[in-house]
Amino acid sequence: MPSGRPSLVGLLGLFFLLLIIVWLGVNFVKDPQEFINVFFVGLTRGAVYALIALGYTLVYGILQLINFAHGDVFALSGLIASSVLLSVFGVTTDSGAGLVIVAIAVALIVAMVLASTLNVTIEFVGYRRLRHAPRLAALITAIGMSFIVQNIALAIYDVDYQSIPRLIPNSSVLTIGEVALQWNKLFVLALTIPVLLALTWMVRETRHGKAMRATSQDRDASAMMGIDVNRTISFTFALAGSLAGAAGLLFLLYFTTMRYDTGFELGLIAFTAAVLGGIGNLTGAVLGGILIGLIQEFNEGLAWATPGGDWTRSIVFGILIAILVFRPSGLLGEQTPEGE
Amino acid sequence: MRKKSLFLALLALLVGALALAAAGCGGDDDGNGNGGGEGDGGGGGVTALPSSLCSPLEYEGEGEPDLIIASDLPLQGSSRNQTIQMTEAMRQVLSDAGWKAGDLNVGYQSCDDATPQAGKWDSGKCSQNGKAYASNEDVMAVVGTFNSGCAQIIIPLLNEAPGGGVAMISPANTYVCLTTPGPACDETEPDKYYPSGTRNYIRMVAHDGYQGAALAQFMADRDIQSVFILNDKESYGLGVAENVRNAAESLGIEIAGFEAWDPKAAGYEGLMRQVGQSGADALFLGGLIDENGAQVIKDKVAVLGPNDGDVMLLAPDGFTAQATIDEAGQENAAGMFSSVAGVPPEELTGAGAEFISSFEETLGGEPIEPYSAYGAQSMQVALDAIAAAGDKDRAAIVEALLQTEVTDGILGSFGITEEGDPTSGPITIYVAGETFTTEEVITPEEDLVSAAMGG
Amino acid sequence: MMTEQQTPQQRKDEEQRLQEVIAQRTQRSAGLWRRETAVALIPLVLVIGYAIIYPFEAVYTTLREIPGIGDFFPTPGSAVIIIVFTMMAIGLNVVVGYAGLLDLGYVAFYAAGAYMAGWLASQHFEQVTFHFWSPGINPELPGIHINLWIVLLLAGIFTAVVGIVIGLPTLRLRGDYLAIVTLGFGEIVPQFVRNGDNFKGFDLTSGSFGITPIDPPGFGDGLGDGSGGLLPVNFQRSFDAEQLYYWAALGLLLFTVFCCWRLRDSRLGRAWIAIREDETAAAAMGIPLMRTKTWSYAIGAFFGGIAGAYYASFKSGAFPSDFYFNISIFLLCMVILGGMGSIWGVIIAGTILGWLNIEGLGVIGNYLNDWFFEPVTGSRIEVPKYQFGIYGIIIVTMMLFRPTGLIPERRRKLEMEEGVHDEPAMGERAVNR
């Protein structure tokens, strides 16, 4: 690597960072209350991304595999949750709070169980046989799996959007001037942080978590130390799947519309978030998710000098490319030899 | 390994021999005309379009068909209900006419320009169809397309088709620049669609200039001061959005913003906040319900309040379908206005009313989609043009087509301008409730229409 | 990493061993080539002959009328699309199959080629009027009208440059990261094209409306009349338009196949394969990694660009909605099914999948519905709708049970059979320990 590059890259990065700070600053000064409102919107959206990104990062952490199918598992479980809410419980906007809470609880369980079963099956059928094959073989298989899951959703739900009534009200919890935080945002935010903390604790402190970390560091050695590698990996996929299921329901409750291909786009964004935060790093996934959510909403919601919705996708994927090229380890990841 | 190669060689030899034999058998060109796999529809007189693109040749008159009229519509995906019904309407017109245009027997084939995976029209499919029509000497007229983007491909192919071009009648294309030059069009539009220099295309539906003008007129009538315009960045949505912008500007309505929504995004709350900040008292959605339109409507209501409140919600015919109310939920869609070019089916008179009542019988209770009458009228115009030309002659039919004058037709009485547009342009504004119901029929002034086109 | 624990002596031994292996293999492949040509020539000629006579109306209509299997023969128009996608797959095969670089954004090259045709052979740039050997087009029409045969070449070169520009910063990345970066480019390019109608007032791409119509190929008045109509002035104005497009496409395909075939055995091709098999060893042998990889990108892109430009001319339009991610996957599926690195495999897989895509799934779906679904379940299903689910199943099945593809590349098969200790597919040494 030429010695001149890091400083040039650093300089460029610094320049961009400065530009973004100036842009945010001007927008903040122009209309601070609106800025904070948009900030909340972005934060919430980012929290939803973060939940999906956690699944990517868990699997990547242990297998070094980008599990493309994760986004589609997320979408399928969200769609099934919509069926549970609508067809089984028949909830409407007028349903009583008791029914809604029971319905959501049941939908959550169904979605999580289903998604983790599906995820474990995918690992068992597809990735397990390829554990010693070149990494790209597994990646290509993951793409194939993604299309299969997507088409299962297509077969069940066709190309139409599935829509549920807004069950978590979007009335304001607290209002200061024009700044308002709504119940549905609070709900999403209040859910993401405990999930992250619980996951972190689990990976750090429990036996399963220790087994996961050991397996991710050296599969053969951990097998020699008596860790059941297959079980540990299956467990990770089950965990990631149940996260996908929970995220599917949360997405449905917050955005209220889903379709068979929702997961593909969300999966790419969540993956970008995971890479941005440092793939394999749980806190990084959440940080990355929230950053991406904020970037998207600031780009669409702020008034001064924004590129606008036309360019949102390009910006997100531009970030993905820039991060991979210049800092493959992400914001919180450790430096690895992989990007050399 | 050597054995395997030998086997392959033998196999190839066999295939080659087969092909050569086939070439020998099919030596004379006229015996085996029917290219379709299922040749039970008669069609001995003409070469049918291939079965991979179109339905088998249909002909229920006496003797054998002399020529083919093809329809070109997206028969898969979200517009399927609508387009299938249009083909039924065309069949009805054909059978009413006894499968005849003047003295000529007319066969019909329904061709599909959509792919199942996309669920909508596909440019590759459109061009394949266009080429098939152009190179089939028996295709004398094409009724279609549904989507303007597809028309952009097919018109020039048919225009340059051998024999003087193939006549084309669209029941549903609303993109302005297909026929009419305007400041919003490229300098080379619409001439670039007609490389041969003569026109071969007319449409039965008023172009988006009318829709834009009517929607702007509607807003002005309701004292809208400022409108925020969103579009889905597809050619249809962007085109309508631009027309509404131009017309609204000319009526003194302030344009608070002109932005795109990304159909693949999860939500649009930030975008709606921006709309709210702009102080607009109306929001226009230029696009299709299929492009995540339901989510846009939901977030609009969530951030900006109900549609009969501070911010009015308007949309073009891309939203005028029951799916809008079902997907967005009645509580969110209620009170939104959307437009359709033309008069609603229940308000047709004379031949139109007759057609609608007999078509209702054929459908047996299914609600009639707005564009079915347009499909029927297009087919009628095609038959009339062929009858007027009186001969299986592409050039003469094209010439007759541009002279079309409809009196007491299914859609009433109207003429066709030199450019191929219908001379009357009423626009119906619907309001959403449990279903879409007629709110108002507006016939915009010519000045406003040309303003909408960017003049 | 492993190499850090090796003593210099070990490393030297390893290098020497690799050198021997490569030398041995090169020799062997040269030998194979001669045997291959001798045996393969006969079926090759027959297949090409068959392909050439196929679009004669007498031939394909007769074939299409064979009871039972007649529907399996595509129309010449469909065959053009099949050929174009096969060409792209062969281009992708250079990147994925030869050099072992997974590219999930190949659609970007298709887009670049298509828009090159849109810029250089249509009325898009109405500011200028420039005609060069245009195929019988009114010389007063505004816009740039260069004959498509030249445009194809220019499109190939332009796309190759795009490939280099994309490749330079990204090719030093590890395999799966590279795949993701290419995926990112595949997503950005369509949006760039969609938004490209107003760069400070300059209309580069016509945005969502796309560029239509694009000039058809042709030989122009001079050559057309000079050859007594043997070389058509303009493909589109002929009743045989579909046949002409077909033969031209076939010619381009043969050109692509020939180039890729010769490239594989060239010095560059051997370098690609060395990189694919073991990057570290290849670098140790003095192969310049970056330059070799960039060449594979450029050459893969070159053919993608030609195919894209030809397809745009065939479709007579370039729309941003044509370039979606699924096309990249579709092409990748062709390469995987055929066998990464195997030209013949990719051609066969490309033909099969291209046919399935255009006509086949519909035909098979009809058979299934008639003979199975309708009698058994009472309802029909739209088989083509599940196209990509079917491709997903193909990809997974191939990867699990036959990762070398239908017709494995001979060299790779030898590796598998004789157990040379290389990383088999796509050469990325897992760095995960």
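Note that the chains are named A, B and C in the order they appear, and that numbering of residues resets to 1 at the start of each chain.
One rule holds for everything that comes next: a residue touches a chain if its C-beta (ideal position, glycine included) is under 8 Å from a C-beta of that chain, and two chains touch if they have at least 3 such contacts.
Predicted, not measured: the structure shown is a model, and the values here were computed from it.
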item: Those chains which touch chain C and also touch chain A; value: B
item: Pair with more cross-chain C-beta pairs in contact, given A-B and B-C; value: B-C
item: Between chain C and chain B, distance of the C-alpha-averaged centres to the nearest whole Å; value: 33
item: Distance from the mean Cα position of chain B to that of chain A, given in whole angstrom; value: 40
item: Set of chain B residues in contact with two or more other chains; value: 233
item: Of all residues in chain C, the ones touching two or more other chains; value: 194-195, 385, 388
item: Where chain A touches two or more other chains, by residue; value: 310, 313
item: Of chain C, residues touching chain B in the complex; value: 39-40, 42-43, 46-47, 49-50, 53-54, 56-59, 61-65, 70-71, 74-75, 77-78, 81, 122-124, 126, 137-138, 141-143, 194-195, 203, 206-210, 212-213, 236-242, 245, 311, 314-317, 319, 321-322, 326, 358-359, 362-363, 382, 384-385, 387-388
item: Residues of chain B touching chain A in the complex; value: 77-78, 119, 233, 259-262, 264-271, 273-274, 277-278, 292, 294-295, 298, 302, 323, 326-329, 331
item: Chain A partner contacts - residues on chain C that touch it in the complex; value: 1, 100, 102, 104, 169-170, 172-177, 179-181, 183-185, 187-188, 191-192, 194-195, 325, 329, 332, 336, 385-386, 388-389, 391-396, 399-400, 403, 423-428, 430-433
item: Chain B residues touching chain C - in the complex, by the definition given at the top; value: 2, 5-6, 8-9, 11-13, 15-16, 19-20, 22-23, 25-27, 29, 32, 35, 37, 50-53, 76, 115-117, 123-124, 126-128, 130-132, 134-135, 137, 149, 152-153, 156-157, 160, 162, 186-188, 192-193, 195, 197, 233-235, 237-239
item: Residues of chain A that touch chain C when the two form their complex; value: 64, 66, 125-126, 129-130, 133-137, 139-141, 143-148, 150-152, 154-155, 216-220, 264, 268, 271, 275, 310-311, 313-314, 317-318, 320-321, 324-325, 328, 336-340
